[in-house]
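What follows is a set of structures to go through.
What follows is chain A paired twice: with chain B in the first complex and chain C in the second.
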Partner chain A sequence: MTDNAEELIHVEYTQPWRYRWSTGKYIGKAYAETKRNKRLMGNRCSKCQEIVWPPEPVCPRCKVPTGEKWVELGDTGTVLQYTYQVMPMWDPHVGRARAHPHPSANIRMDSGCHIMHRLEETDPEKLKKVKRVKAVWKEEGRQGGMDDILYFRAIDG
Partner chain B sequence: MANRVAIVAVAQTRYHPNREDVNEGELAYEAIAQVIGETGLDFSEDGGIGLAITSSDDYWDGRTISNNIVQAAVGAHMSDEGKVCEDGLNAIYSAYTRIVSGRQDLVIVCSHMKESQADKSMVENLTMDPMFLRPFGIDYLTASALQARCYMEKYGITSEQCAKVAVKNRGNARNNPFAQEPLAITVDDVLNSEVMADPIRLLDSKPVSDGACAMILASEERARKLTAKPIWILGVSNCYEAHYLGERDLAACDALSTAAQKAYRMADIKDPVREIQVAEICEEFSYQELLWYAGLGLCGAGEGGRLIDSGVTQMGGSLAVNPSGGMLSGVPNIVGGMSRAAEIVLQLRGEAAARQVEGPRIGLAHGYTGMCGQLQCVMVLGN
Partner chain C sequence: MGNRVAIIGIGQTHFKSKRPDVNIPEMINEAVRAALADAEMEIKGIEAVFTGNMETFEGVCHPDHWMAVESGAFGRPGMKVGAAGTTGATVVDEAFHMVAAGVCDTALAIGYQKHDQGNATGALTTCCTPVWGAGFAVGAMQEFAKQALTYMERTGAREEHAAMVRLKADYGACRNPYAHLRLGLSSIDEILQSAYLVWPLRILDFCPQSNGACALILASEHVANRLSNKPVWIADMITVHQTQFRAGIYEDLTGRDPYSQEVAAARLYKRNGITDVRRDIDLAEIYEPSNWQEMTTYEHLYFCEKGEGWKMVEKHMTDIEGEFPVNCSGGVIATNAIGATPTVRIAEAALQIRGDAGERQATRDIKTALATALGSTNWTILTLLRRSL
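Up next is the complex of A and B:
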């Protein structure tokens, strides 16, 4: 209808979004374990014996209650894929996009679970050789959850 | 002849102001585990539940695809799944159509909500059109106060008549073990409670609430094998009206009238007041029950005040409305309509215990979504 640029307007809001999400007891257990004991814990399904990660009250595969057989995921794993992020990513903690220096990766833990996290190595050439990795935990200021691990560091074997 | 569809199992959590001990999936599973346990069904391809339909809301839950967190709990992993981002009665409607079509013969539905997780006013403001309504900061309380004022002035409805709804429903809630806020209050207590948005007072409004409701729907053949007391969906319809309040006659609730008339026609109900013995309707604010009476054809336009005065809708009246205590006694948005239908199922089975109405054969469930009842859904059930 119009080609008048003055009439094509952007309406912007900067609204705070405040939510208080409950972890529930399964995710709560996993959060408490990272915070207190620097370890990743998942619950093993009472039927198929697979580890459910992130922890759930019901096994998605068997569709029965998982129960509370907690097992450690361990700190070591193998990088399956990684991506080197050039564009800034949205940081929900500060409500804006910012460049993150550490590449994102999909890691298969030696316990069999797959987790999403970051890699310590930032050099694109050296990244190509990163296979075996180990979690580097925050020594101080752990709040519970995946941010209690700083990143995964390349290890031998 | 289309398939008949029955509700064969229902469950609700107890409604609570703040279930901080559980996340949405765990909360939903409290109701889901009951209906699975009661029917002995599973999700196997050979004769199990073939579809899960949940109702929840992205803004309320603070995540798009708000059904993600209940995926495991509702048995939807690697299965046929759907979400209705509207009041839960629409989820039952959606499940009904899948069974009527012959595509499914067993469907689980679940509606879940934790209102305690977010600020109600913020969420409601986010549902508003951003160009013309949102900048004013209005929420459903403000909009409903405008609707209440419009309705009360047009028909001479008094604050006392609205207060009677709050007294009736919170009083009825004393017989409902799932109710969050059973209260013995008087009309004066309501009229003396804090003004929230004039003319709506604290006790005219429902409290913040967390809870879930689940059901299993079945084709006639499966229903007969699963229960001796199937409750049939005889009629159902919904209707949507304009978002912008200026486009609507706020004292008329035209969408509700249309939805109700279509549902009655389908159920072959000609005189709802005589043919229906029990109704459970969603009323976030007390004036709404009076306004919805007329929309549901239980009285003429503007006669809601006279209907509550007559005592017909009290427990023991010929058409008890909200024996459970309704939403005013504390039921979350989104869960509202499904929990209304669950209550009607219990009534028609004769299993409503202390809140049981005597021998009902036909019951009415109502739910709405959005500001001032923008989307209305009506369901007629029979035993």
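Up next is the complex of A and C:
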């Protein structure tokens, strides 16, 4: 095209983006509960009586307003499926490549809610036996949200 | 339904990992020119223009305004649409509605992505819902991995079957001059030897980040019949949305299973008289987020019974030479310029119906084809194409 077409010039943009997202009435309530009281709270749908998790103003099943009937999910549950990272991958939430040492799991809480969280056990062989688990909460530095739980620890029966 | 609508022009760029030689409007323009050339039209014949991408990936706030000249939007109506991963089909849907409604006789739909200049992972941090998502870092890949494990436990599928899907995709990609990853894989052993990233997903189970654009020209019946000797008719399009983080609902372990695909497929088949999917449809181009999910997608779309997707792969039914070819193009795992990906699915399905797919042309004659789009919290768009209505 031109004499210096082989020189491909880019324009750089390096300004960091900063956001402050409102948590909202329902997620905000759940975050306040993890932060202050170390408990997971969902809201029970006024129609189907299922716990909506994460809490929301409208039940995804019934499409009706859920109301304000707050219930505890509890700290114990059963592992349904898990996986673990083998190689470091880019983690958008921390902005760098990392392999999270704690395996990711889908857990059915005894209250019936399904949640995603991490397992304390990191040995692939021992992981196979992890079924019943209990939340281990951060004692300090809780900011509201699921990261206020460190991970789930294997328990008996 | 409204007026009949046909695809009369198809254009796509060659998809690559880097395109430092062009900016976004220039890249779009390549696809637009290719579509116009394919339709033997000039831009003055286009009445409306629809564009879309994963917008924040490139950090450009009003990309449609930037590219108004190169897209053909200058002096015309149209709009930019955004629907996460389905955007590339949503642009076609918008054009389809405008022509079907009789608002215009011709419309141009463009899907694109220029991954190489932006920060896709940074943009995904702000993806729905930024509050809940940012608070807890369990990535999508871990969920895909758990889905794969659950699929194996439930159905008897093995890692070999995922490798067969990957090999099939590469076979198609190597015959598709527009595809991004053309690896020349020769056996499933090569795939099974690639390292695990997230157990049981391997490096070769992941799609690339591609750069490129795809443009389609849609026309009303009388214009299509006048301008084109091989129109491909859009028999129907359907959109179904789903919500996120709803593990446990709809018997879905991770909350990421595309319940929306089953709902969309059932509705689409019913209103188009499709009772036996593999008899009434000849080929599919599906949006498979990973080779593992290609097998479950067969099941969600009723190509086979539940738990039997892997058997279709094992029997080579979905090969280019098979009785029900799926993703002859190489699919998403070979090429993923996200905003363009669903447009490419429709384009490739249309090329198969025209018989213009070159070396990747299916062996059997393709009269009816299905193209799918899947995005973000499993929003689904299905497009049914026919050689004649």
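Convention: the second predicted complex is superposed on the first by the 137 of 157 C-alpha atoms of A that agree within 3 Å, B and C clash if a C-alpha of one lies under 4 Å from a C-alpha of the other, contacts with A are read in each partner's own complex, and residues count from 1 in each chain.
The definition used in the following text is that contacts are C-beta pairs under 8 Å (C-beta built on N, C-alpha and C of every residue); 3 or more make two chains touch, one makes a residue touch a chain.
Quick caveat, the model's predicted, so the values are computed rather than measured.
Undergrad: When the two structures are superposed on chain A, do chain B and chain C clash or fit side by side?
TA: Once chain A is superposed (C-alpha atoms), there is a clash between chain B and chain C.
Undergrad: After lining up the shared chain so the two structures overlap, which partner does A:Ser104 touch, if you call chain B first and chain C second: first, second, both or neither?
TA: So A:Ser104 only meets chain C here.
Undergrad: By the touch definition at the top of the document, which applies to A:Trp21: first (chain B), second (chain C), both, or neither?
TA: After superposition on chain A, A:Trp21 lies in contact with both partners, chain B and chain C.
Undergrad: For A:Arg61, decide between first (touching chain B), second (touching chain C), both and neither.
TA: both
Undergrad: Considering only the touch criterion stated at the top, classify A:Tyr13 as touching first (chain B), second (chain C), both, or neither.
TA: In the superposed model, A:Tyr13 contacts both chain B and chain C.
Undergrad: Tell me the contact category for A:Tyr84 with respect to chain B and chain C: first, second, both or neither.
TA: Second partner only.
Undergrad: Is the number of chain A residues in contact higher for chain B or for chain C?
TA: C
Undergrad: Of the listed segments of chain B (217-225, 235-243 or 325-333), which one clashes with chain C in the superposed model?
TA: For chain B, the clashing option is 235-243.
Undergrad: Across the two complexes, what residues of chain A are contacted by chain B and by chain C?
TA: 13, 17, 19, 21-24, 27, 60-61
Undergrad: State the interface residues of chain A toward chain B in the complex, per the touch definition above.
TA: Counting only chain A, the residues touching chain B are 11, 13, 15, 17-27, 56-61, 63, 65.
Undergrad: Which of the residues in chain B come into contact with chain A in the complex?
TA: Interface residues on chain B, with respect to chain A: 19-23, 25-26, 29, 33, 42-43, 62, 71-73, 75, 77-78, 114, 116-119, 122, 130-131, 134.
Undergrad: For a test of understanding, state which residues of chain A touch chain C in their complex under the given definition.
TA: Listed in rising order, the residues of chain A that touch chain C are 8, 10, 13, 17, 19, 21-24, 27, 31, 54, 60-61, 80-87, 89-95, 100, 104, 106, 108, 112-118, 124, 144-147.
Undergrad: How about chain C: which of its residues touch chain A in the complex?
TA: Residue positions touching the partner: 20-21, 59, 117, 121-122, 124-126, 129-139, 141-143, 145-146, 149-150, 195-200, 203, 243, 245-249, 253-255.
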